[in-house]
Amino acid sequence: MKCYWSKAALVGSVANLIGSLSLGLVVGTACAQVPATPTGEPIKIGVISALSGPLVGYGQPLLDGVKMAAEQANAEGGVTIKGVRHLVQVVERDNRSDVNNSVAAAMSLVRDNGIKFIVGPATGSEVASVVEITQRAKVIQLSSAAILQSMLTKENVAPSMGNRRHLFMMQTPSPLREILTIKMSMKYLGSPMRQAVIVSNDSNGDYIGKNVEDAIVQSHATLVLPKVQYEPGTTDYSSYLTKIRDAKPDLLNVWWLPTDSINILQQAMQLNVAKSYFTFGAEPADVIQRIPNVDNVLVACGPLCRNSSSTPAIAAFWQRYAKYLGPNTKFAASAGGAAWYYDGTRMLLNAMQIAGTVDNTDDIAAVMAKTPFSGTLGLIKFDDRHRAQSGFDFCLLSKGKATCEFASP
Amino acid sequence: METLLQQVVNGLSIASVFGLLAVGITLVFGLTGIVNFAHGEFLVQGGLVATSAIALGLPFPIACLVAFIVEGAIGWCVERAVFRPLAAQPVLGFIASLGLIIAMQHIALKIWGSNQIAIDAPLKQVLAIGDVRISAMRIAVTVITIIVMTVLLVLLSRSRWGRALRAIAIDRETAAAMGVPVQAYVSATFVIGSALAGLGGALLLSLFPMSPFSGGVYTINGFAVAIVGGLGSVSGALIAAVILGMVEAIASGYVSPVWSSAYAFGAMIIVLLLRPSGLKGGGIA
Amino acid sequence: MNEQILSCRNVTMRFGGVTALNNVSLDFPANQVVGVIGPNGSGKSTLFNVLSAERRPTQGEITWAGQRIDGLPPYRVASLGIVRTYQSASVFPELTVRESMEFAHWTARKRGGRSIAEVAEITGLTKFTNESCRSLPYGHQKILGVALGLLTKPALLLLDEPAAGLNQAEVSRFLRLIKDIRATHEIGIGIIDHDMNLIMPACDRIAVLNFGNLIAIGTPAEIRSNQSVLDIYLTGDMRSDADH
Amino acid sequence: MIEKTLEPSVTSTASTFRAQILSLVALAIVLGVLPFLGINSQFMQICTLAFLWSIAAIGLGLLFGEAGQMSVANGALFGVGAYVAAIGAREQVLSMWTALPVAAVTAAFAATIIGAVALRVRGHYFLIITFAFAELWRISTVNLRELTGGNQGIMVLDPVVLPGVGEIDSLRQLFYLALVAVIAASLIVAWLRSSPFGRNLRVVRENERLAISLGLNAARMRLTAFAISGALAGGAGVLYAYNLKHVGPEQFGASAGIQIVLILLIGGARSAAGPVIGALVFFLLPLVSRLDPITTEILYGLGLLAIVLLSPQGLVPLFASLVKRAWRKKKPSILSTTS
């Protein structure tokens, strides 16, 4: 028995050597072909997401993304680390769209099940109150919640000392995202010089608003009036939009939330607020369904537009995801979000292989922070504040047709 | 100038939606004393039912009718099973409605999913007079709202039903003593209130997308309008809807949008202080 | 003891067009039983509502021991020692008789109210103290109302149609109760009622209201022989037009 | 017959002080030993939070159970406490212990203002006004950014320092801290219930007009009850902020107020142990459910309906009466055998 393990250790170190040279994915598949590798404890990845309550639209894709990554890894024979094959097991917890249950779920995963890797939750307060629990336990946590922007700093993610060095933000941070969107609307909408911004009054909107304004100025366009913030879930935007129309913008940037954007867009067009529109988060398919022969609208999705095929990787992603959406397309709202968590999880597993450990989260976090990964969302790399920089889909809607391009900052 | 005109038009179209929300609440809350916070859920459910009807290939007007009938039926069941037994204690009725909200939201979630659901509006034209623009669909909704309210006003002021309700609202016991079948009238009112919510949902869906969790906002606005107008007073609700609609349009157009939802609450509190029975409180119609 | 008098001077009360009380002046000394009679709608209950400050008179003033009390909040008037009962039995349904009595006793803590046992004794409620008020028979509920009033150690107790809805036996028991109270308490009483079997023997002085006007006041004997009073009641005998 | 007449007086007037104390002691013991029965961290964490929510519910229990006045604003008052703690910690002017009294007073003051306005209207109107105030609070916490941190909220990272013990951050210690707090709150309210004050509240609930005619300042009673419920909510808010380590606008306001109402209803507004049991049921039931989350929520909503319809007094009194009935059934049989 003992000698067997030593042998395994030897193979493992070799695998590790290869791993550190080549891309983890390759190793994963390579090891799958090695039949003799012994199987070790499964790698448990905890998921905290909203499977009931108002936030289920964000929670479901999160869970789906992680499951997809895990299933893929297992189909490839599991993740081989130091010559030991580990299957990936997803442990899911519903936070009922509520803070209290998020905290309890974190306790359950971290303390009770000794889980070292957590994906989620996807939204502001829920993440904020979970972070302390995961970080004290040195548990690696991935989320795309915008609130992380304020929680991650150079100092607190510093290797081996930062008290949030195990925390990673999967969404491309402001202002990079905003700068890119402005660049793209310049490219596709005939460089509109007079621009206006409408954005929701929530934790995401707080950053976006300011950064979009800056990005507009940086791109030498003019901001015709200060950003208009609306209460999330407003149904009737006509009074705000009329105010904006008064400033005669060429382009209206409609930002966040996905559920509101499309509504705003439609009302803006009825009021004829601007010549062209940019919106973030709305699904092109839905826009076309709502507004037949829509024109001069650029849509960016967070991060992928439903069933878009801008790149082979993205097409493959949707093909893979179709199986999950099959029964419950009902939950496809902002389904593209699944890509963040799909890539994030695969990135994590990859980092484990490179670090050659399944439990030393310090090493794994360190590797993740500095190892780029080419996934669905292009080449993903973390900045010095553990914020992923990846691209997203842009679709130009003209004459009721969508033509999409995947762009990265 | 044209901006102001546009804002007035906006205010009126907001008002028509408010009126649609408030009319059911003012009937049910005002005349039966049932504090039904789940009213917005009936509304949303009505909208979702309408989408399914349209998905089955029915034309929009029929879909509205379906929503009207289905929600009326559900309202009947709910009144029978939940609110009638609790008629004596309105507070318990309120708590029960909280239970209803949770159940109805998640039933909708199971059936229709968390996706925003939208239909393409039966009327797509946008009318423009100079720079003042309004979509035909909004005008249609406004007109229907006005028709519904007028019909109710007439019913309340002329019909036996209306007279009975007025009697009940003023003094239940006496009404009962005078041989008014109070229970029957109360249930009838609740059913009509729910049916109107269903219709309202279907109409709103032609203007705005909906999800199973959209109900809360509608309930809140509806209550604000109903209370400012004076519970039980349809005409009051009409006036309040116009006032609050204008306030919201002008204030969020010229002051600060982020506080827009606060205006309704502020108005509600002030009115209740100055005139606890609302603008046209006390009597009915 | 100082001469406390609740007196209303030229009190007028209008509801919209209706004049419920017209320039009424009347005294309730704290050591007499004063009855107020009159046909329905003659303004008796309005008078009590005004006296207990539940309604503010349109004109005129109400004074207690020389001090103006109209416009005070009702609970202040009550704590001054002017306590009323209600026409329809009015109790705390879910509380026990003892609890209600403890409460009434508590409100008089500063004036050192009468002992619960004592009041329970004279009102004959002793054996009911552990029952909930709701479960009391109607007659006892009305008596409980009086008991609660007594426990606040009022200087003046205003009884609003105590006999209404009681059968003859209960009425005579009530009459006895009033006599007992006078014997044992230093207290003035005002009574509204239709029932002459209660009013006549109980009262020292009787005031007669008609259409909000005070048309006569005097001893029971005087009232009996007062022509204008008889004229009013000729329509029907005095008892039959009780509550309807 | 006698049992019949006793029945209402038992349910109506809060059960005697001794009975309440006993039930609370029993509760404290049962909950106190839990950590030694090897319950897992998730369970311990959710219990801790449930305790804090139940403190707010206990306060509302005094207002609703005794004075018969239901409020949704207590969710906001809960938030007032949490934000006082968070802002105090951010500005480094308040520790948790100093925040407790400050928050209690602030929340009581807020309640007095809301009450002064809302208590001028009756019944459901009061309910709706408290709802409006709760939402106004939420909207304000979003938009008064400089003070409240806006949508980002405020992180509360100060440790909880127990004089003599030092820093306490182990789950178990926080569990006991919350348990002590909830028992203390229950005792205060139990004492108030059995005091003349509590009786006066019931009197107002039962027949306000009569109460006033006997010389009681009913409005002041209601307002005091509301202020006390506010103080308890505020205090609970402080502990809550230090437990979650973050406060944000969405956590409080009307939705929180409604949650408090539900907790109170599930347990029982007039029983000492009610709110605690209610909170535990509220938070634990969905955790132990083996059904898919959405079905769970549906059944959960229907369950609430069932409670309101079948046992509006709440679960605790329901069980109590069931036990009592069983006991009564046994007793006569013994008598019959002896006779």
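Here the chain labels run A, B, C and D in written order, and each chain numbers its own residues starting at 1.
By definition in this document, contacts are C-beta pairs under 8 Å (C-beta built on N, C-alpha and C of every residue); 3 or more make two chains touch, one makes a residue touch a chain.
In this text, all values refer to a predicted model and were calculated from it rather than measured experimentally.
*Asks:* Trace the shortest chain of touching neighbours from chain B to chain D and give its length in steps.
*Replies:* Counted as steps through touching chains, the separation is 1.
*Asks:* So which chains count as neighbours of both chain A and chain D?
*Replies:* B
*Asks:* Looking at C-alpha means, what's the farthest chain from chain D?
*Replies:* So the chain farthest away from chain D turns out to be C.
*Asks:* When the C-alpha atoms of chain B and chain C are each averaged to a single point, how far apart are the two points in Å?
*Replies:* Computed from C-alpha means, the inter-chain centre distance equals 49 Å.
*Asks:* Report the inter-chain centroid distance for chain C and chain D in whole angstrom, where each centroid is the mean of the CA atoms.
*Replies:* Centre-to-centre distance between chain C and chain D: 43 Å.
*Asks:* Rounded to a whole Å, what is the gap between the Cα centroids of chain A and chain B?
*Replies:* 39
*Asks:* Quick check: how many Å separate the C-alpha centres of chain A and chain C?
*Replies:* 78
*Asks:* Touching at least two other chains at once: which residues of chain C meet that condition?
*Replies:* none
*Asks:* Residues of chain B touching 2+ other chains?
*Replies:* 106, 109, 258, 261
*Asks:* Multi-chain contacts in chain D: which residues touch at least two other chains?
*Replies:* 139, 142-143, 294, 297
*Asks:* Taking all chains into account, which pairs touch?
*Replies:* A-B, A-D, B-D, C-D
*Asks:* Any idea which chain D residues touch chain B in the complex?
*Replies:* Chain D residues touching chain B: 64, 70, 117, 120-121, 123-125, 127-129, 131-133, 135-136, 139-140, 142-143, 258, 261-262, 265, 294-295, 297-298, 300-305, 308-309, 312.
*Asks:* Under the definition above, what is the set of chain A residues touching chain B in their complex?
*Replies:* For chain A paired with chain B, touching residues are 52-54, 56-57, 60, 201, 228-231, 233-236, 238-240, 242-243, 245-246, 259, 262-263, 270-272, 286, 289-290, 292, 328-333.
*Asks:* In the complex formed with chain D, which residues of chain B make contact?
*Replies:* Those in contact with chain D are residues 29, 33, 35, 82, 85-86, 89-92, 94-96, 98-107, 109-110, 220, 223-224, 227, 258-259, 261-262, 265-266, 268-269, 272-273, 276.
*Asks:* Taking the complex as given, what residues does chain A use to touch chain D?
*Replies:* 51-53, 56, 94, 96, 99-101, 103-105, 107-108, 110-112, 124-125, 128-129, 132, 147, 150-151, 201-203, 205-206, 231
*Asks:* Can you tell me which positions in chain B touch chain A when the two form their complex?
*Replies:* 3, 6-7, 10-11, 13-14, 17, 106, 109, 112-116, 118, 120, 124, 126, 128, 131, 133-135, 204, 207-209, 211, 213-214, 217, 248-250, 252-254, 257-258, 260-261
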